[in-house]
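Consider the two complexes below, in which chain A is the common component and chain B and chain C are the respective partners.
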Partner chain A sequence: MERTVTTQAAVKKSSSIAQVRYVCAMGASHTVSAIPGAIPIVHCGPGCADKQFINVAFYNGFQGGGYGGGAVVPSTNFSEKEVVFGGAERLHELIESSLKILNADLFVVLTGCIPDIVGDNVPAVVGEFQKQGIPIVAAETGGFHGNNFIGHETVMQAIIDQYVGDYSDPKEQGTVNVFSLIPYQNTFWRGDLAELKRILKGIGLKVNILFGSGCAGVREWKEIPKAQFNLVASPWLGISTAKYLEEKYNQPFLHLPTIPIGAKETSAFLRRVGDFAGLKKNRVEKFIQDEEDAYYRYLEDFSDFYAEYWWGLPATFATVGDSAYNLALSRFLVNQLGLIPAKQIITDNPPEQYREFIRNEYRHLATDVSAKAEFEEDGYVINEKLRHTDFGHKPPIIFGTTWERDLAKELKGSVIEVGFPASYEVVLNRSYIGYRGALSLLEKIFTTVVSSSA
Partner chain B sequence: MSSVNLKSPEVVIREIRLGSITGFQGNAENLVKKSHSGTLEDAPRSFSQCTGCSSGQAFCQLCMIPDAAVINHAPIGCMGDANGFNFVYRVGQMERRLPASSGRYFSSNIGESDTIFGGTETLRNAIQTVFERVYPHAIFVTTSCASGITGDDVESVTNEMTEKLKIPVVACFCEGFKSKIWTTGFDSAYHAIVRGIVKPPKQKTNRVNIINFWGSHIFDSLLHRLGYEPQYVVAFSTIGELEHISEAAASIQVCQTLGTYLGAALEQVYGVPEIKTSPGYGIAGTDEWLRELGTVLDRRDEVEKIIAEGHERVLPELVKWRERFKGKTAFVTAGAAHGHALIAVLRELGFEVKGAAIFHHDPVYDNGCAQADMLARDVKDYGDIQNFNVCNKQAFELVNLLRRTKPDIFIARHGGMTVWGAKLGIPTLLIGDEQLSFGYDGILRYAERIAETLDNTEFVTNLAKHSTMPYTKWWLEQDPYAFLGGDMIVESY
Partner chain C sequence: MSKKLKQIAIYGKGGIGKSTTTSNISAALSKMGYKVMQFGCDPKSDSTNTLRGGEYIPTVLDTLREKGSVKANDVIFEGFNGIYCVEAGGPAPGVGCAGRGIITAVQLFRQQKVFEDLDLDFIIYDVLGDVVCGGFAMPIREGIAEHVFTVSSADFMSVYAANNLFKGIQKYSNTGGALLGGIIANSINQEYSKNIIDDFAEKTKTQVVEYVPRSVTVTQCELQGKTTIEGAPDSEQAKIYTHLAEKIAAHEISHTPSPLDTTELREWASGWSKQILEVESRKVSAGA
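And now, the complex of A and B:
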């Protein structure tokens, strides 16, 4: 039924989007439920929170609602009446009852499209509770403002501004706040943040990881201002928050655009963090040495397969995903597996000001390998781009989402689902980053390749 | 009986059309009495958790038409449900041995400027683009809270594009805030299909419409034996097939919560008789349903044979199951009519149903027929049900009720709710195939699944020892309906 467009030039850009790869700013309710002990309250239509939960947290690795997400989330469920008369009173009542019914160390009120269009004064409603010393903040996240990546930063900054508050006492040397992957939207965030914390701790840092089971909850967020510095480990997400913290708490930040995968990248990453933090070199090197020893023993064992598997391994790859995972995977696959980048499509709609920087990262993937980063969110165009990519003679491997499954079949290649939506992955604590995650990633890649031979 | 008005672009919401409610506490018999005497009133809640919305339910029906495309005229988040439904759609393709393909779902992706200057141009472009890209046989445009509040004239755009593109481009009005009964979205989708796709009948056929979700094709052998052909609608019907559902000999409902509007619309507008008696769940329910089917299809004698054979085949097995489930208790959470159906099946199997959390209640369906009321049938055939809670996915009430009623099994039909049973250590069963428990054999099929669930308690028993609960101790000690109706309510929601 679908007519194939024969030349790439025929693909017209449109503002409409097929095969959604992110949700709206209010989807950052997941940013809240990723903080142990925090619960989002949504001030929006019925369906807004439920739809995003089912898709971001269920049909995406089947991650689940957690403690205070999913079906727990209190919602004003706007009806016609609040659309006409405003929903502030209803929100007030909902917050009051939420305080009685739910145990939370922090509530975050997120707005949807309706109150942002009709103009409810949400900060005023929430402010009344804040005056009573109740841990609650408000974030303006109406869907038309942007996607959940933007919402993620809005929510983080709202918590810092309204809950963490002012701080001017001395800093704690050797403590770092980490801003990296976006919870839930990134299918593997739980395992990845745990690995990130493990390796940073390993070189001697005290780590505020801020989300997931490795986070001490909102207590940890209160510690943010004391940290020596902020680490932004992603191409662009988190920079705005780090700049905000720089101004608010006079905290410097280190921006490392590549989330490290594999020993080579991870050791380099840790050395740069160690230098920036002024950590003792021998401690850093000792940890790296131990990790590399373990890593390379596994790799050596794997090399039998790598060298002798005679039914062919992929030579070229495409990455389709948010900029953080896309760049991290591309660098690992090029530098440590020697695969050839054929198509790199970034789908998280990064703000314009970061795009040239990101393009440049791809131009220098390795000393002798340059790739072109393309920004595209529309699944139709993404499909067409992949369809017309020259992958050479061997079947390609696509690092993408569920939406790429049929196309991978059409190209007689394989798909590894690494981003939203990853509906055919069940994920608990699997990680694809750092030292240990890289080994899981190798397992996943080559299990997929081997499976296709039967 | 509500009257179907195809001239109006929008369907009248269930609260007004049927008097439907989302809040009630008490016993089932009382709910039935109030429903049938026209004295049912909604009870509002001063605390509420996130619920479904009409746009999700409208999409649920439209997204499974293989040769159509759906455009959601909304900010991107409203199309967040695309991948979940795509998953269901692909499972359905596998079950039907169809080639795998992803659904053709699009978002017009309204941004800030569309909410200020209007989004009709954005929509027009989206329709044109979708047409050029996938050449669908029809395009459905579902609306959103944002497009509704900013006042986009979607109907004019779809009319204009229908003329331009020479395919049906049909508006489906399903703004979430308009109705708190999200199944209004089913009505919106059917209204769009009957208005925009279905053609007046040219001839009568021997087809029978089965208005269902995406369940198994259990009606094939029954209808073939009676000399009829099944037409499962809407999922996996093409636009060409939907055009002719007006020519069918009858329409079957598997769940009137789903199909009330479509069944009534086809009967009122095109004279397709609807099997109005409550669907065939439980022995007595199946007997009565089959007799009505035999009457409408003029196959009374054959149906009596089918009933006799069914009894002979199933009743001896049923005795064994009843023995096995003796003394066991259950709690049910599900959408309205299907929840009532599950209650019938459970009680047929000898379970005591200790309570239910049912997402809404329609006191009457669009056909106005009292015999259509499955809950009334439950009460008549098996007696009253205590702790009957009408509750639109309010997990806080459910958890409180589950802790009190402590059932041996928790039966659910929708996601998001099921997990609470497991967290409390209660064996939990969720079945997505609404047809599984239909008819005589359905009772046995269901019994097997229940037995499997009851036999495997290891996971939930262990989980319960280690699971966390966001609800306060205070709340778990309160009356489960403390936030429903009563003095604590300031306003009606």
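And now, the complex of A and C:
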């Protein structure tokens, strides 16, 4: 049954957004810096790239710039001169200089709003370097094209199209390309993708994880066309790229909207992947068995606490965040912790064509639990919605961002920062997904709850 | 008492005779004793050629590109009878943003308070008339030109461009932008050409300021790099330009035009084309 709220907040839709929850398409420069050995080059006004970095990679788990991100990123710093006369020459000059002083296996030129509006012929400039055999691609990521989720797919497809190139040889059975969490925007992507790779490897797959420390860099990207199939593990992000690959390399894809958290979800996830890939059942089951053994041993110890600690554990929860984590957490909290969903707010502005599909996922969180997914990006409206949600008698727990902290205080509840911006979390390799990540998540949730009275 | 500077923008479809008309107005005003600046706002940067013996002058934007900054005085060149000539300039065709170029050039002049220092009576902006983006509307924004004139022939494409300009003026009229002084009808030799322009002016609630016939004198003077006022001062054509300049000098009050919407304009044009066809076919049968 869908929960009803006592006071339905009648908040008018605003044309402005308070409290940023994503950045513009050019923020996909982080998609590039998440590939070991790749460096983005940005063709945009001064400040664009820096703002993206400070937002997405600094005040969000303090992830840092890494090898090719942050302060390393070369920028044309578009000025009035380039606006009026075109910025192609300046870009050419910047690429030449970058090649002299930066070592990269792949450069990706990302455009900002100005050159996209003025109409700079960036593919032609980049094309000159491509002809010389330099590994470089161009992606049109002006902010008006959409947010960094849209930019993420634009960049991936640009790399596949211009760098990976054509392939028609046979596929490698048992190899998978994974399209899942968006690097950097998702605060825990490094640990999560590592866990995702670990479990998929565990059932016998060869995994191209494509981003983070578990990725072999651009040579892994070169392997994309050889894979038996693509796995899209997210509600919508990556589908467009998987479809693109289906057409380009005749590669099938499996779409599993829920990123698995906890043994129940993760085992089901692995069985579906195993079936799709045609893996040997006993190998898959053996891995699942081993993982579950370990997982439930920890959970057994935890159960004493969970059953006995009656000084205020939350019964209801709200999720505020990107659709991928939002859905994954909702399913975990409902199905494996027995919490009641009170308010589910999705903030990554998914394209219209995926929204009904996403709503439907929430309608069937469990056989007997349904929730309503709401799409909202404005901080004021989100606050109002949460403020008027019926969380019952106990203090609620909000899975959200730093922006929800003040409200959590007001509601005398707890907040777990699980998405951008997570400015009160320092994140190195922490993961909240799979078998191992779920244990960390449980630790985080209940440490927060029990320490709130400290 | 300081005199009032009058800023005028002249728009017209490319090739319709806008720069020719503007330069002749500037020349005539100058001969009447006024201090005039002509500011070319067309990336082709040939607005002031006939005021300078056919010479091109360095443009504001070229100078900005080379030096990084521009002192307005470095890009003002004196032409016929002491007229100050400026060309905004712009990018090479197909690259960059010409509209932004015009904004940059005009702003640069305003910031440096050049107009006040030169003690001008008139600034005439000669602007590419297909108002394709915000930049080309810069001269009609608040605080720049007060009066807009459009040069148009009776050719439908030219009238369409004028109608588009009227839409721009109407839009900016709510925010203190320039208003329409009227139409300068150019290349009017046929009776029906005059009727077409008159009818268009009436429909859009404006006026025709002057009818300028097509004249070979203009071409002859331009080939020598001169305006008609300079090259053939006693010609009939020069008298017409002088008369036009007098009217512009005396012009005080402009109005918001009522542009036709797309359907109205199409129907209006189709009505006229039928009439022209009848006139022409009568001529043919009379000649046979």
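In this text, the second predicted complex is superposed on the first by the 444 of 454 C-alpha atoms of A that agree within 3 Å, B and C clash if a C-alpha of one lies under 4 Å from a C-alpha of the other, contacts with A are read in each partner's own complex, and residues count from 1 in each chain.
One rule holds in what follows: contacts are C-beta pairs under 8 Å (C-beta built on N, C-alpha and C of every residue); 3 or more make two chains touch, one makes a residue touch a chain.
Predicted, not measured: the structure shown is a model, and the values here were computed from it.
In the superposition on chain A, A:Ile54 contacts chain B only, with no contact to chain C. Shared-chain residue A:Ala324: touches no atom of chain B or chain C. Between chain B and chain C, B touches the greater number of residues of chain A. When the shared chain is aligned, no partner comes close enough to touch A:Val273: not chain B, not chain C. Contacts of A:Lys100 after superposition: chain B is touched, whereas chain C is not reached. Using the contact criterion defined above for the overlaid structures, shared-chain residue A:Val118 touches chain B and also reaches chain C. Of the two partner chains placed around the shared chain by superposition, chain B and chain C are both touched by A:Val83.
Residues 80-83, 117-118 of chain A lie at the contact with chain B in one complex and at the contact with chain C in the other. Taken together, the chain C residues at the contact with chain A in this complex read 61, 64-65, 68, 90-92, 95-98, 100-101, 104. Touching chain B in their complex are the following residues of chain A: 1-3, 5, 12, 14-20, 22-27, 39, 42, 45-56, 58-60, 64-65, 67-68, 70-83, 89-90, 93-94, 97-98, 100-104, 112-114, 117-118, 142-145, 147-148, 380, 402-403, 405-406, 409, 420-421, 423. Chain A meets chain C in the complex at residues 80-86, 88, 117-121.
On chain B, the positions that touch chain A within their shared complex are 46-56, 66-67, 71, 74-84, 86-87, 100-102, 104-112, 114-115, 122, 125-126, 129-130, 132-136, 144-146, 149-150, 175-178, 180, 182, 393, 395-396, 415-417, 419-420, 468, 470-472, 474-475, 483, 488, 490-493.
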